[in-house]
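Presented sequentially are two complexes of chain A, the first with chain B as partner and the second with chain C.
Up next is the complex of A and B:
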């Protein structure tokens, strides 16, 4: 009984985890990881990442621990994957940047990354942010559209296979 | 009678009264599974297809273990009983290549006394699959594609108020995935020293609102050993269509058709056939307000040729339930249903039912209220009125209490009453030898009754570890016995001459040692004390109630060696069976899986690896379980 009491005390003192994200958000988090192999980054972009592949989230984070679980023990282009929540920090060493709904500290984020070899991803219906890849909901399924022109202008090459899966591609 | 659809929502809604213990549990697909899906499969997944708040079932104040899709896929087994071995609160013992004895909290029966495990309610997508003829389950007739199963909820202990009269010692609720979550093509094929199995499935969609899938499965079990004549085969096909008629409405139509046969030593093969179709409408106004209406038809038949007897059974079932919030503190679930089971039996040489043809009508009405006494304390009271053709109307009450001192801990307690209502096998059976009646089912046979006292706790110790412990004290009365004729011995008749109690607990934990290694230990203790009532004859001894192990221990290990290789192992210990005696054993399973390209996996699985063969049931009633090894290929396209 004493042992049981100790368990209960331990359970009470641990802070509760974040609310569970929806399946839709979990699918989006999986996409962020899945996009990696279909995109080529200039080698120089890994100069300051300590050898890791960085998936960053700016603004509000809709994924919570699910993003960390998706990349747990995984590699992209042979590099271990790390997840960073920027909360106002510079996105310059990120390879993939998910633009969440802006918070006050991240308000100027999109202009910071313009022209950098960072694959930006956002929700299309968000309205306040736009990325090279934007998630759209179609018939209950999470699909995406790609602005290949913007990606090329930033020095990224997106494979034709990924372009083929997009519901719309803007070549510009 | 036990309801079909009740399962889907009633418990869920009860559970919704409690905060979530396991964050993320509400997702049908696990994160690991999403990560391992191809990008095209991700694009095809219907994210609106998740049954709302389904995961909350894991928080119900009961001894409930949820077998997840990932657990099933990683276990590598294809038979439903094999999958059910994953639940630490179930006793699964193999009797032949395709035969199993499955029970919860003991009372697994004794074929010598014609006592079969008959106190479980088993549901597949809301359809009751135990036979109303004797309340037991023909496990060789039940099958699902492991790949299409969303989860299996295993409740040890009574679920009579919400589920029905046969949920005496447990409920097994198998839920397959919405067709929106099984899109694309899939093939699997496996072969080895004892088993061959192949499956084909295709899922697609018509426009945005309608998802569908259809599948085909074939299986062949070889003889357990050269001396055992128990080889079997089965084929099954089916479909499921889910129509998202509006944001609030989901309409599901599904069905299966199957046939198969198994060999019997010194007798012709036994053949079975089955088919079913279910239509279900769910309307969800809000997380606490929902309506479900379901109707199904099910046909089952079994036959041993050359006069070995046969039966056919046709079941129609209608069920409806509604849940809503009554003010800020009360959550109500109420509903009812009617089922008709028409059967016809061609007697075998020794066994017949009188009358041989009959329609059983079962009806029920139930209501349950969950009251939030304080923000952390919830009281649940439920009552079911059930009308069965043999014992008339029965009241089945239950009371539960759940206390959540924090978001990561829950303590619960419950008192419930459950009955196993009489069946044709209890009341109409006539067994003869050389035209002399040996045994019959008398009109005096009453329901077997249980009052169960339970308490348990579930704890999330850290983000890496969780623990569940459920204790029980079951008080049984009027269990079936065999009594002699008032003057003399024959004809024998069923009586209600056994009473007694059992107690013990089920415990399991989930511990993630590292990013890549997870352990799941489980333990069950069962102590049974039964005796004959003073006026009972004591014929065949008290061991006729069952031959159950006192201890069952299991340990499962799941390792991810890099992103492409999974290694899974399991150990299980089952203590000896007392009477007839069966030795205790330790057995091991192992599986190595290699995802060689995206969507395709090659694996090697071994079961019962430690011995060439071992007995799980007495040799007089079962064949030894052999070591089994196979290679499997799975491909998602």
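Up next is the complex of A and C:
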């Protein structure tokens, strides 16, 4: 039943404006942060983060300042949350990595994240990127599907509560 | 007269303690009140416990809800949130439940008609509002706050609460009832006990009064009978003396003298009977030969029974000896024969026989002495009464009712018993059964046989307070050839003795006025001048028994001159050196 997924109440048509992120992106930004509490990382991953929980964005950043608003003052697993835009930098110290559409500077997807304890999140309809959790739109609402096998292979443990809300688990 | 004694029972410590612990109505009320108080405390404590328990339950439910709705709340899955809330709805105690997001804004929830959900909340400590518990709990995952839940449950449904109170009230009621019943039954028991005590006291008093009146009646009968008998005896004696003064015919004087002597003997016997009955008469048990004793009574029996009664003595030789007081034995036998004579007003034969009864089983060897008459007999319903003191079938003045009771007293005192068999119209047999003595009878010394005059001049101190008695005894002593000096009391006698010990013997009365009585005097003389012989005279005294225990020589009043002579000689001989 939880597989029916979550819905965003607002079904307002997405604004074509480029500058401000759409409501859909704002919801995604919120979800990106909220995935954190439902996933366990191996303690070693926080060795080089300076004690903070890092949410990284590679490629194009669809969220803008909304992402910073979401994490302000928040903690995940007792750690303050920072948002880092990679702009081609190494994602190795990230805990959550949102894979945006590749830009010219980092044309290729960072392949060295495979096997690392990094929760990768992407848009499913993007076509160019894929992550452990992928946002899908269903009935005008933002939902997600989860590749739990990949997450496990990377040493991550995703809470069954979260798995229960996914529209699909391990579809590949 | 019983009042102080029975009152003191209640004043004893045990009685006081019993009264202290007794359940009075006031104590019962106190206990009931205490019970009520305890029940109230119990109810309050119970309520407090129930409240704490409910708070914990509500907190746990809120926690479960918070855990369950964490993911749906985080990812805006309202249907899932509502499903979790719906599960709580089935619990009638839950009055309201709500889920709020991280900003405290309402997301989903329900409430019953009576209460409403707050529009926004922030997490606080559990609180109690009226009969409801309100719990708020944070929804968090991995340490990150995701929202909060609100839960309002009723403390306890009214029927349950009422049931609990009714249960306690019932227990209290039962206990109070029990105490009331116990208290009232105890009170009634106490009352009954007090009534019983009072009843017992009244009965005791009544019985005492009855005994007293019976005693008085008996005394009346006795004094009547005794006075009549004594008057007759005194009549015989005084008229005899009168007649003696008017005649000088020696034969007539001799006859009158015999008459007077008989009257005096009967008087002595009468007092002896009274004393035996009163058991104050000292017993002097001796080993006696029954045959010899009864043959010795021959003359006495003939004189007492009259001419129309024939006494048939059937005494075999070889009868076992018995240990009894000889004079009491004679009195007892005389009493039985006198009764036998009275049963035969037309005259007849009295058979006195004796036989050895060899031991059978546990019974020791016994000797049976039977007196049978052929008289009127005793009706069966009276046989049980004949040994009772003062029971008599004779008219007032004819009998004292003491005869057979003397026989009974004598037999018991001698370790034996009396049996009576009677058939109305055919006659009566009274049997004395006395245990055999293993000792041999002493050879009786015939005191009267010794010649009284063959003594040397001896001086005797006579201690006697009664002038007439003193005069008579002095005369007797002179007749026996003694010199004598009289002291009027034991004290005077001691004064006289301290002046000089010039007496060969002290002859003293027992009961006298003064510091000492005769007994004290004799003891003092024995202690200070052990060589001086003493002899006590008494007619009646409780001390006579102890005198015989102390081996003090005793002369029973009234006594004949021969007795006096014999006892004086014996007393003197006792103290002779060698």
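Annotations
We adopt the following convention: the second predicted complex is superposed on the first by the 151 of 172 C-alpha atoms of A that agree within 3 Å, B and C clash if a C-alpha of one lies under 4 Å from a C-alpha of the other, contacts with A are read in each partner's own complex, and residues count from 1 in each chain.
By definition in this document, a contact is a pair of C-beta atoms (placed from the backbone, for glycine too) under 8 Å apart; a residue touches a chain by one contact, two chains touch by 3 or more.
Quick caveat, the model's predicted, so the values are computed rather than measured.
Judged by the touch definition given at the top, the superposed model places A:69 against chain B, while chain C stays out of reach. In the superposition on chain A, contact of A:159 is made with chain C only, not with chain B. In the superposition on chain A, contact is made by A:139 with chain B only, not with chain C. Of the two partner chains placed by superposition, only chain B is touched by A:22; chain C is not. Of the two partner chains placed around the shared chain by superposition, chain B and chain C are both touched by A:31. In the superposition on chain A, no contact is made by A:41 with either chain B or chain C. Once chain A of one complex is fitted onto chain A of the other, the partner contacts of A:77 are limited to chain C, with no touch recorded for chain B.
Common to the chain B-facing and chain C-facing surfaces of chain A are residues 4, 7-8, 27, 31, 34, 38, 74-75, 162, 165. In the complex of the two chains, the chain B residues touching chain A come out as 20, 23-29, 31-32, 34-35, 37, 39-40, 42-50, 55, 180, 205, 207-209, 244, 405-409, 411, 457, 459-463, 467, 515-516, 560, 562-563.
The touching residues of chain A, when paired with chain B in their complex, are 4, 7-8, 10-12, 14, 16-24, 26-27, 29-31, 33-34, 38, 65-66, 69-70, 72-75, 137-143, 162, 165.
Within the complex formed with chain C, the residues of chain A that make contact are 1-2, 4-9, 27, 31, 34, 36-38, 40, 74-78, 159, 161-162, 164-165. Of all residues in chain C, only 70-72, 74-80, 83, 140-144, 146 touch chain A in the complex they form.
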